[in-house]
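Each chain gets a letter, A, B, C and D, in the order it is written, and its residues are counted from 1.
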Amino acid sequence: MTTIEKRDRRYVEALCQRYRRWGAWGADDERGALNFITPEILVRAVALVRTGRIVSCALPFDENGPQSGRFGGRHNPIHAMLQDGGDIAFGAQDHLDELRFTDDSVTMPLQCGTHWDALAHIFHKGRMYGGHGVEYVTSKGAARNGIEKVADGIAGRGVLLDMPRYFGVEWMRPGHAITSEDLAGASRQQGVEVRSGDIVLIRTGQIAQARAEGTWGTYEAGDAPGLGVDSAHWIYENEIAAVCTDTWGAEVQPNDTDEVFQPLHLILLVNAGIHLGEIFDLENLAQVCAGEGRYEFLFVAPPLPITGAVASPVHPLAIF
Amino acid sequence: MTTIEKRDRRYVEALCQRYRRWGAWGADDERGALNFITPEILVRAVALVRTGRIVSCALPFDENGPQSGRFGGRHNPIHAMLQDGGDIAFGAQDHLDELRFTDDSVTMPLQCGTHWDALAHIFHKGRMYGGHGVEYVTSKGAARNGIEKVADGIAGRGVLLDMPRYFGVEWMRPGHAITSEDLAGASRQQGVEVRSGDIVLIRTGQIAQARAEGTWGTYEAGDAPGLGVDSAHWIYENEIAAVCTDTWGAEVQPNDTDEVFQPLHLILLVNAGIHLGEIFDLENLAQVCAGEGRYEFLFVAPPLPITGAVASPVHPLAIF
Amino acid sequence: MTTIEKRDRRYVEALCQRYRRWGAWGADDERGALNFITPEILVRAVALVRTGRIVSCALPFDENGPQSGRFGGRHNPIHAMLQDGGDIAFGAQDHLDELRFTDDSVTMPLQCGTHWDALAHIFHKGRMYGGHGVEYVTSKGAARNGIEKVADGIAGRGVLLDMPRYFGVEWMRPGHAITSEDLAGASRQQGVEVRSGDIVLIRTGQIAQARAEGTWGTYEAGDAPGLGVDSAHWIYENEIAAVCTDTWGAEVQPNDTDEVFQPLHLILLVNAGIHLGEIFDLENLAQVCAGEGRYEFLFVAPPLPITGAVASPVHPLAIF
Amino acid sequence: MTTIEKRDRRYVEALCQRYRRWGAWGADDERGALNFITPEILVRAVALVRTGRIVSCALPFDENGPQSGRFGGRHNPIHAMLQDGGDIAFGAQDHLDELRFTDDSVTMPLQCGTHWDALAHIFHKGRMYGGHGVEYVTSKGAARNGIEKVADGIAGRGVLLDMPRYFGVEWMRPGHAITSEDLAGASRQQGVEVRSGDIVLIRTGQIAQARAEGTWGTYEAGDAPGLGVDSAHWIYENEIAAVCTDTWGAEVQPNDTDEVFQPLHLILLVNAGIHLGEIFDLENLAQVCAGEGRYEFLFVAPPLPITGAVASPVHPLAIF
């Protein structure tokens, strides 16, 4: 990579074209870079399991989540009880023989907490991954690239890149952009070789910061550390299957581009077909990786197959 | 097991007491029989993966699900778009540089589709698993035994027992109760030995019937094949960690007990601490197991950690 | 009116043009025929009140409503408690001094029960009332003709036309189309003169039928009695301000037109700017009118000013 | 009224007993002080209409409302489109002949905006109005005193008491408690005599303050001007049918009592059976009253008859 004069619309467009994979797995493909995870790769990922320890990478889904409704009406999950202990106590179920039950319901924007972006989530110049137009996402949901199209996944080899550890800080500061060199450097420092089909989890530490400071601060749609536009090279060239981060939007905020909002969503998701995971809680994972002295594991993070959804909440598990 | 005169309230109560595990893993335990899945058992389960094939065991979450609202106000998922292709086409996002996005939300009873029952879902004589009273489940959710308490799971060795195959039928008829002998027989016939810590998936074929007949029929809260009360012996004695079925409520309907509704929910969930999975789609799994000639696999089915929830939708994966 | 050869697309289009009022109250008008209700007319309507008797014209909003989700995902209201008596009993509010409270929430399609259609609800050839295009209704709601634009209403002189009484039947049969002659005849028979600015309530008796038969039957989006396309003449010429009926969709089903679904929605709502009220419960009203021997009253039916909504639930009151 | 030493638990309890009306309209009464509005009173209220001018007293129901979720999970209305202009443009309704439609849905806590508290909303010492216990409000809603029980109302003579005008300020400051003397004084100053069966609307100006300052500030569950505990005398003795204010909770915040939260909710709603209206927008009304030189009008504010609801959104209309 050479010195960049200006990361403007033209620059991003060049990367979009350079890293476009439309048709790479057939004209009808709706799985994108997840195709890199072959059965053989999954079998090798499974072989990483040695201690049987499971680490959850999800935030709790509740009213303490990061959403305030500031962005696009996204609110924290609203959990309501349809039947609870009071109903039992008051005899509301006395028509049932012996058994008593509780029941509940949730209302949640699909990106309110730990979630996968579907390939139908982002459009650029009127096109989503595969070149499909906006007419494929109506009030009835996405007719192409919905999250249910990757329902028989997402599982593979997970690799954590712990960037604060690499930079020698507790957490990265908002505005700090991660480059391809940084990703390569962290992988070298951690002694983990990245391979085709890997799911890469990139920790910035912003959730640690929020916990330490007792406030979500700018976490939701505000200033954040994250991937810079030039991280695209490393991610594309290494044939990464999916990228997950611990921030609201994966990318550094403010973006390190002029004229383009969230450029990596255009380059990686729309063009390279890479699913993005956001609001993953990587704090425990980072501690376990450091403790075990290894940054690779079996990673299983199945989205709910909500038909036509452009995202899905997920409970991702790292298994050591 | 001896001939049963009458399976009444007293009979079920005797089984509840005989199979009670409260305190077996400490007074504060909220994981129940999932404790049987030790790290070693998970490591051995992982070793079952040989071909890298993943089989989804979830129904699509959409308006074609089995719920009509007949039982307890449970409806199929309501998926709504917060932003869609039309908004993009009409310029609603033209304040953004280059990027355009879609966004969505869901409202769903947590047991509307493929789901885990939490240990806080069922009460008997005012007590749930561990002996906690109804006051622990309020409008704010479950303060004990909520689904988030098993968030770093649920994964282990999965074993499918394909009961229609065992009985030599396409699908079991509503009202047909599965016994302990049937479970043992199916396991023998399939050549799979059941062990402590297994997650057992029991197929009745009722989803196959619904598909063949083009209607959910009595699937929702109506007549169904399923586990009879005497299946409790085999499930308890084999130290099964969790039981999943392809029906609305796991148990045969009408129940084969007098005076007690859903007796296994009382015996197994409330007393033996066994999480129940319901509305699992086991049709593809049955075909793959028959094709591969083996009925054991790595099974990963992580509930969403919705704080205080008494159930969770789940996308269960069987990995071969 | 002459004998009609064929009520086809061309016929309806002719009526659309003949009865178009776009611009009649200014290019920016968003109130349509409600403009006929002048303050003077409202003052005269108020003078109709003599006994102080109030008659509700709303169905209860609950799970017994007519919606099954068959049409467009419309379901009955989902009412959930955020705090209830059980929470109080269990001490969940013991941090409060003395006071205890209950609290609740609702999720409802705005047309699930008794409701007003906003002028933004219907489009014909890409245009709604006033000629505005589809781009004015996005995921954020209606930027033109939303229900909040008539928030300082809807009140005026109400006139009930009790069609089953006119026809001498208990209720009109599905498929029976009401004509302009019928409306004029009923008004004559009942001794009530219809005037400019009236809100006309047209009873078919379909709710009475549903109650008598204990089932909603075809009420929701199925066969129904109702207004025929030729009722448009009478409604337009009499300068009716709004039309309310006791059926799901106001119009006879199947429609008495070829090639056009719900033609009056096009003629009256889109072109003549007439708000339509649907699923109004006119059973008590009919009894009271018969008892009082008069079919006119003060009618107050204020929609909720939900910003950008294309309909609103309403509790309409007839005051005698 | 004598000088008060201390307004503590005992003081409030004395007022609760003094002003208790349980049984005043029969043991089964669920309408409370609304019974004061006789048909004759409504007829006289109607006679107040002279100009036909309608003034809305509702806030818009949208995301700009006062709720942040801080109190009890109450959020602003969530409005979602089920079908919108984009769907029409993209041909999603091309199976329909000619007609195209939009459709929408709302999710809202029933007290998120302008609303009535039902008599089932508040409990004191385990009892609500009429003496009914907490067991009458379960997850299925209120079996007694639900808002649907006053469905054939609420309409009568409205009287605005414009307190900032009385005090000679733009708006009352948070913490300023309105007394019985203040209410009597304002009524005298405005030249309006209050009578049995009146619906009294009490303006504090807090909404004006929020608008002027561009923020809701402490409006939601925080410091506010409002009724002091000693306003109970005037309200009770004048046989007021219902009380509406322009604040979140009607009462001064912090409350002017020790040991009791929201004492008037206990005295007036629980004991005297008085429905409370909250978050009413009285700004336009105050201007119109001042302009017309009269503070009385026909007031129509029908709650939605949501079965078992403990509150209802409402669009109140003052008609002059």
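We adopt the following convention: a contact is a pair of C-beta atoms (placed from the backbone, for glycine too) under 8 Å apart; a residue touches a chain by one contact, two chains touch by 3 or more.
Just so we're on the same page, UniProt names per chain: A, B, C, D = Cyclase family protein.
In this text, all values refer to a predicted model and were calculated from it rather than measured experimentally.
> Following contacts chain by chain, what is the lowest number of steps it takes to reach chain D (Cyclase family protein) starting at chain B (Cyclase family protein)?
1
> Any chains in contact with both chain C (Cyclase family protein) and chain D (Cyclase family protein)?
A, B
> Specify, for the interface formed by the sequence copies chain A (Cyclase family protein) and chain B (Cyclase family protein), whether it is same or different in terms of residue numbers shared by both sides, with half as the dividing line.
same
> So the centre of each chain is just the mean of its C-alpha atoms; given that, what is the distance between chain B (Cyclase family protein) and chain C (Cyclase family protein) in Å?
Distance between chain centres: 45 Å.
> Express in whole angstrom the distance between the two chain centres, defined as the mean CA positions of chain A (Cyclase family protein) and chain B (Cyclase family protein).
27
> Provide the C-alpha centroid distance between chain A (Cyclase family protein) and chain C (Cyclase family protein), rounded to the nearest whole angstrom.
46
> Which residues belonging to chain B (Cyclase family protein) are in contact with no fewer than two other chains?
Residue numbers touching two or more other chains: 73, 78, 80-87, 89-90, 105, 107, 134-135, 138-140.
> Treating touching as the only link between chains, describe the layout with one word: line, ring, star, complete or other.
complete
> For chain A (Cyclase family protein), which residues count as touching chain C (Cyclase family protein) in their complex?
Chain A (Cyclase family protein) residues touching chain C (Cyclase family protein): 80-82, 84-87, 89-90, 105, 107, 139.
> Can you list the residues on chain C (Cyclase family protein) that touch chain D (Cyclase family protein) in the complex?
9, 12, 38-43, 46, 49-56, 58-62, 72-74, 77, 79-86, 88-89, 96-111, 120-126, 133-139, 141-142, 148, 151-153, 155, 259-263, 265-266, 298, 300, 302-311, 313-317, 319
> So in the complex, the part of chain A (Cyclase family protein) that touches chain D (Cyclase family protein) is made up of which residues?
63, 68-69, 73, 75-76, 78, 81-84, 86-87, 89-92, 107, 134-135, 138-140
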